[in-house]
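Next come two complexes, and both contain chain A; in the first it sits with chain B, in the second with chain C.
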Partner chain A sequence: MPQDANKVKDHFELFRGEEYVDMLARKKAEFENPHPAEEVARVREWAKTEEYKDLNFSREALTINPAKACQPLGAVFAAVGFESTLPFVHGSQGCVAYYRSHFSRHFKEPTSCVSSSMTEDAAVFGGLTNMIDGLANAYAMYKPKMIAVSTTCMAEVIGDDLNAFIKTAKEKDSVPEDFDVPFAHTPAFVGSHITGYDNAMKGILEHFWDGKAKTAPKLERVANGSINFLNGFDGYAVGNLREVKRIFDMMKIDYTILGDQSDVWDTPTDGEFRMYDGGTTLEDAANAIHAKGTISMQEYCTEKTLPFIAAHGQETAAFNHPIGVEATDSFVMEVARMAGVEIPDELAKERGRLVDAIADSNAHIHGKKFAIYGDPDLAYGLAKFVMELGGEPVVVLSTNGGKAWAAKMQELFDSSPFGAGCQAYPGKDLWHMRSLLFTEKPDFLIGNTYGKYLERDTGVPLIRIGFPIFDRHHKHRYPVWGYQGGLNVLVTILDRIFEHMDATTNVPSKTDYSYDIIR
Partner chain B sequence: MTSLNQTIQDVFNEPSCGKNQAKSEKERKKGCTKQLQPGGAAGGCAFDGAKIALQPITDVAHLVHGPIACEGNSWDNRGAKSSGSKLYRTGFTTDMTENDIVFGGEKHLFKAIREIVEKYAPPAVFVYETCVPAMIGDDIDAVCKRAAEKFATPCIPIHSPGFVGPKNLGNKLAGEAMLKHVIGTKEPEYTTPYDINVIGEYNLSGELWQIRPLLDELGIRILSCISGDARYEEVAWSHRAKAAMMVCSKAMINVARKMEERYGIPFFEGSFYGIEDMSDTLREIARLLVERGADGELMARTEAVITREEARAWAAIEPYKQRLSGKKVLLVTGGVKSWSVVAALQEAGMTIVGTSVKKSTREDKEKVKKLMGDDAHMFDNLAPREMYRKLKDAEADIMLSGGRSQFIALKASMPWMDINQERHVAFAGYHGMVAMVAEIDRTLANPVWQEVRRPAPWERAGDVAWQDRALDAPGHVASVRSANPPDTGRATVRGKEAA
Partner chain C sequence: MSVSTPTDIAEVKERNRALIQEVLEVYPAKSAKRRAKHLNVSEEGKSDCGVKSNIKSIPGVMTIRGCAYAGSKGVVWGPIKDMIHISHGPVGCGQYSWAARRNYYIGTTGIDTFVTMQFTSDFQEKDIVFGGDKKLAKIMDEIEQLFPLNKGITVQSECPIGLIGDDIEAVSKVKSKEFGGKTIVPVRCEGFRGVSQSLGHHIANDAVRDWVFDKSEGKEPLFEPSPYDVAIIGDYNIGGDAWSSRILLEEMGLRVIAQWSGDGSIAELEATPKAKLNVLHCYRSMNYISRHMEEKYGIPWVEYNFFGPSKIEESLRKIASYFDESIQENAEKVIAKYKALVEGVIAKYRPRLEGKTVMLYVGGLRPRHVIGAYEDLGMEVVGTGYEFGHNDDYQRTAQHYVKDGTLIYDDVTGYEFEKFVEKIQPDLVGSGIKEKYVFQKMGVPFRQMHSWDYSGPYHGYDGFAIFARDMDMAINSPVWSMAPTPWKKDDGDYLAIAAE
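Presenting the complex of A and B:
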């Protein structure tokens, strides 16, 4: 018997047993009318050709394995970064369950988020009742200081008006009149999670700065010397924000992190459940209007938010997920300039250490070819760092990147011989990437967890950097920003290169003559 | 210890070494390597030297009799490659502890040998003597003798306690152990007039394998390599070779010379580094074999291979010319490499701004002069501080050296490439030289060097860099005490005798 009640095998083992192997082979041969093995092999090989790639790229309607998520996911990301804030997604509840599990699988922490649980009658008559009841229940049960509302497609398709609904709900005493309920329309059929982040962040700032939906006077900006910081949608929020705060403290500047997710997604296990933890205080969010300027780490995550802030009279600067020496130089210098401070020697030392580490290890990365995919800013930041290390990006793909992004990528490639021959692929998916991995033959792939299927199919080793990372734990705790972060990314890349080297040399008495202790 | 002392004195008297013969008897007794300088940076010990010389023998169990540190630090640390057994990569040690020191470690050693033989049945066990058993008086010879009888496996004592001297001495002591216990103890199945020994080649990064195809093509058999990718029995029957090549350094010269004395195997000193040098080596091998009875047509075939391979190598270097032309190279390596790689670098269009002639012979120095004309910037042993200043001032584009100097180069913001033993790319033979030029090209092109040379962008122009501040700082070491004053008598060194 393949399965013994006294020693039940799990899925790792069960089907490898002789009985199952035999049975499945017979089932296939006798009942499945399979294609001949040669034909399967022929097609498999054909899918690796230029011819197939061309067919693949002429796909018009079908998206296969998209490397992006939807707007409300980004909206929830932005919302949890504020003090005791409950993200409230107006629409069907299944969507919300997805966001929660998505974040929990990545950050290995619970993510509090509620839905207005719209059903069929709400779709017919509108979701107002769901908003009224939903806000009342959420307020009563979870006692938040703020409820940040966003929407799913369902609410957007029928055209629910959040502004009016929230107003009505307050009139019906769902929540107190002066309770903060910022909102943003975040239809999934427009943009991606980075658009949702942008909309939600803008919605929250608009709420505090521009008169709380006409229930309070607009704030008057009285400029001070502080700096606002926007991380953008970032899978490394926990590590990155702590690193950025460390750097800012070192530089002795006055700052406000707008949307600080670092604590809520990294709560200690000490017997106390924290539904909310840390985050930007509502007071700070309001006072952020007085700041001298705002820095966004991700240009394409803040395409609306940053102009909104600039329109209130602040200086703004946007980066593209800066990673590595040069990118971090630009970042810290801009911060220093904006805040009018000197860059401390300690930071210069950290810079020197990163340069030293790169110099120590460059030979192993130099000339290696990389395919990279991810959100537009991350893809840019990674490509720039890879080039700085002497690696050669050959494919940079972003499902949620647009034409402007592609042009910006091209500018980057043109700036160095290490970018020669690299192409940016905006709006393409991971099945496109599959073809590119076969035809462009990079040495390594950089991407999120979903890249593991590509790694399996193409044999190109995956370096996991991005969001989501589900199948490796705790990566989000380690920053990729700052000089320290650059070091982490360097090590991540190097580790994979060495692991690959070991994995291809470790067959006893066959390849292990190159299986060395010292690399 | 008496016999060890005799061995050491014997090693110090090396008739094949011109330098050694030029010394007075008193000088000779001090040995040929620089004396240790207390308080100075430390080099390897005799044990380390013995271990690295023999570790490449792949099917032997290398058992280190000593406390954990000796094997712990030397375990599989050289990247010597094996085409067969991997036993040499397993770390065997007696891991001596307090009890062994109080009661003696002989029984412990004996048991360890027994366990190795039972578990691995190797063709031989090499037992390395380290400082501690030497000091407490463990009789390794007796243990090895008894164990060899009892377990029917050769157990070879290697007397290499670290305190007897530096690494180079350890190489020679290892050679002595081979001469005394291994070489000549077996017979090969057959011999040919084309059998050679390669002595002092360790197959680091698989370099021997870059040479083998050429020898195979010529029908020349490496009967034994001491010790790269070697098997125990190969070394044991190496006395049947017709000729021997001693690879570049003088580390194993005692083995080559004594095999000539005992078995009449003529040897020459050659190198696999550099195109011209590789050709000379092939020629010399052929010449010696023909002298010893091989068919004279071997010479013609060898010349044909040389012509073809040289043409190929130069052609392969050609494409790099454009990118490497005018690049300035500083060579800090010494020995044969002080000149053997120069021709290839020059061929690729590079200029040599300096080469160190540490460990180089007079002939080496002559060759440097010949290759580099009057511009030869030869320098002897450089203190790190001097090297740093030179790198800063020499305006070189890249430094080629061993791993030890790499950090000086990096601190001087100088691109650096490893051409000594720790590197992971093989540079031997014709292909190796091409690989080296390609590697230089790659290294020079890496963007990190721009980064290294660039101060943090927020540094204001005119600020003094920390490196310059460090150089200007007063009070660099003015005098050094030495328990064993070196015979060079440098002005800055003050030893007991001088004081």
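Presenting the complex of A and C:
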């Protein structure tokens, strides 16, 4: 018997015992009707070929292992960034269970969100009653300051009208007349989670700035000197927002983070559960109309929000998840320009320290080939940084990136010899990536947790950067933005490279001459 | 940490009833009336737990429940390893459930097995407007080209499919014929159907009946039937649970011809009607197909419980009672074989866990099935409830598991669960990922009782050792004593606080 009370074996070891190995071999041989091992091996090898890749890329209908989620996830992300705000997703309830699980698995934090729990009768008659009861219950139980409504695909397919429903719910006293219930239609069959972020953020700003769905006067913009900041859908929200606030404080600028998730997804374990914590105050969200300008860290997360803000008379600037020296330079200089402040010397010093670190370490990255995937802005930001380090991206893939993104990527590749030969793959998934890893043979892969399957199948070592990261802990606490963030990304990349070096040089009397103590 | 441990049953009941009244006060009147039916205190001798169940969740209350798709794709069908399960509709459902349930299996993923992959039709607006049947047909063609070793396909419907009037049955039939009779199973598990995961289980069971059994009738199994053939039904092999169960059945001389559905294959599903007995672990999710096999093929089924030595012993004997004396003798031998392990585990962990209280809130069978395992370790379950149980679950719970005075909460809401824990101050909460961090913030030790918190297996004797270790590491971790801020402690009575 393999189990031992004094040295308990769990799944990691238990099933490697002879009893289990034999049992599972018998199960397979006698009952599973398996394909012959040679046939499995043949197909496995075939799936590594150019021929398979061509077949794989000729897919028109099937999506396999996409690196994107659906709109309401992004809407929930945006909503929890506001003070005491409860996200309310109108439609089927299972969706909300999924969003909550998904975020909790990434942030290792609670995620509060409610559903209007629509079922078959609502599919026939519409979900108005669900909205009326749902708002009343959520308001009474969870005492939010705001309820931000979005939709699942069910509510979208049957065509529920959020504006009208919320109005009716207020008439029926579900929530007080002046209670803030911004909304956004977020159909899952359009765009991805970044589209949902965009729609929800725009919905919230529209609510506060443009007369709260005709229940209040529109705000008149009286320009001041402050700057608004949009992070976009960001798995590093906790670390990044704190870093950005630190930088803004150093620069002594007046700013508003629109959607600050850094506290609600990083609450202390001190005996008290905080359902809400931190976040942009509703007053600040309203007053953000008066800002001089708005900075978006992720262009493709704010394709509607930023023009909406510009239309209210503000300057706007969009970045692509800036990582590294040059991207951070552009960000910092644009903030300084917009706010009319000088960049403090301390920041120049931080910059110099990042350059110093790159100078120390770039030899280990120079010339290495990278495959990168992620949301369009993140993929851009990572590719730019890799090139800055002397690395060579060869594949940059974004399931939710479009043609405009691909063109922008190409411009980036063309801007440097380190981008020569790299191709952008918009709208492709991780099964496409699998083929590319076999045929393009990069040295490293950068992506989220799901990349571990690619690492297993192709042997290309994975550097975990992205969303979601389920199988490593606390990465979201460390910024990837700012010079400090660049340093974190550099170290993440280097650690994996060094680990890989050690793991491939440690066979005694065979490879261990390269198993160096100093690198 | 338990500050609230009234020993007198009458006191416990009184406190629990008062607690129920207290949480109901937060609701608007209409909702309070509805929720009141789902909360109660168990009474010894009653045939059920005195709660209504399997009723629609109330909008806006933060139910923990999922949907029918989760019940079909996520639970029943998803683990069948050599078939490709298409999440048919928009991208999200398949994405959030991708590899999240830890249904372990042996195979070369992407070549001959496909469980930890996400196949989706990634519906776009045009698919909603013009229908997705053509796309589905094309998807099946592409699957055949790219994954030639797949043994079948299922279509797991997401919400829009049933709303836009797609005919996935017709597509499945046509393609099955085109692919030489390949098993292709359309499943109508749209998320808006029913009130929870539960209807999804039922629909998925029915799909096996209609699209696997009926189709494979007359097909001879690959093995010679024996008088000792059994099928494990309702074990999803989370962390390897079905394996640490199978080994016990085999050790007692039975032959497990199929696993439903953890580490399962289509060949095993098809062969199951040849079983002499179906042994059913998760009654909730697979009683339907067990009843069907009983009616149609005359296969008896027996529920068992492989959590903790007391229930394992009882179950081994019960299963053996369906067979001859040799099997019954073997069952005793198996029990004897593991006696030393059980004693070792109890000797090590019981002193560390004795008297600790637990509150559970889980899915199909665990709100009752794990109670015995806790009791084997000297612990007491003081509250329990089902996400998607039916009355027959609450009957089993009342008749065989819970103690007099246990707090019962069906389809609990976030608010209720937090308040109950705040007031009862148990030593451990066992529930899911959405609840985990809420209670840990409150300083209450927690174990995920869906995924085993990425540990496991928990089934069988081998699993019990892991279960005991894990409960000990949760409760006796040094971290919890650090939760209160020392300079803020006033009287030394540290209480977990729910959100206000």
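Definition applied: the second predicted complex is superposed on the first by the 499 of 519 C-alpha atoms of A that agree within 3 Å, B and C clash if a C-alpha of one lies under 4 Å from a C-alpha of the other, contacts with A are read in each partner's own complex, and residues count from 1 in each chain.
Here is the rule we use: a residue touches a chain if its C-beta (ideal position, glycine included) is under 8 Å from a C-beta of that chain, and two chains touch if they have at least 3 such contacts.
Every value quoted in this text rests on a predicted model; they were computed, and no experiment measured them.
Engineer: Kindly classify A:387 by the partners it touches after superposition: chain B alone (first), chain C alone (second), both, or neither?
Structural biologist: It touches chain B, and chain C stays clear.
Engineer: In the three-chain superposition, say which chain, chain B or chain C, touches more residues of chain A.
Structural biologist: Touching more of chain A: C.
Engineer: For A:362, select first, second, both or neither according to whether it touches chain B, chain C, the two together, or no partner.
Structural biologist: So A:362 only meets chain B here.
Engineer: Looking at A:154 after the superposition, I want to know if it touches chain B, chain C, both of them or none. Which is it: first, second, both, neither?
Structural biologist: In the superposed model, A:154 contacts chain C only, not chain B.
Engineer: Touch check for A:113: first (chain B), second (chain C), both, or neither?
Structural biologist: second
Engineer: Looking at the overlay, does A:219 come into contact with chain B only (first), chain C only (second), both, or neither?
Structural biologist: So A:219 meets neither chain B nor chain C here.
Engineer: On the A-aligned overlay, A:97 touches which partner chain: chain B = first, chain C = second, or both, or neither?
Structural biologist: second
Engineer: Between chain B (first) and chain C (second), which, if any, makes contact with A:271: first, second, both or neither?
Structural biologist: The answer is second: A:271 touches chain C but not chain B.
Engineer: Chain A residues touched by both chain B and chain C?
Structural biologist: On chain A, the chain B and chain C contacts do not overlap at all.
Engineer: Under the stated contact criterion, what part of chain A meets chain C in this complex?
Structural biologist: Those in contact with chain C are residues 1-6, 8-11, 14-15, 19-20, 23-24, 27-28, 30-35, 39-40, 43-44, 47, 52, 55-56, 59-66, 68-70, 72-73, 88, 91-95, 97-102, 104-105, 108-120, 122-123, 130-131, 133-143, 152-154, 157-158, 187-190, 192, 267-276, 431, 434, 450, 453, 457.
Engineer: Please name which positions on chain A make contact with chain B in the complex.
Structural biologist: Contact set of chain A toward chain B: 325-326, 329, 332-333, 336, 343, 348, 351-352, 355-356, 358-360, 362-363, 366-367, 387-390, 416-418, 508-509, 512-514, 516-519.
Engineer: Considering only the defined contacts, which chain B positions touch chain A in the complex?
Structural biologist: For chain B paired with chain A, touching residues are 75-77, 79, 81-84, 86, 89, 206, 410, 422, 424, 442-443, 445-449, 451-452, 456-459.
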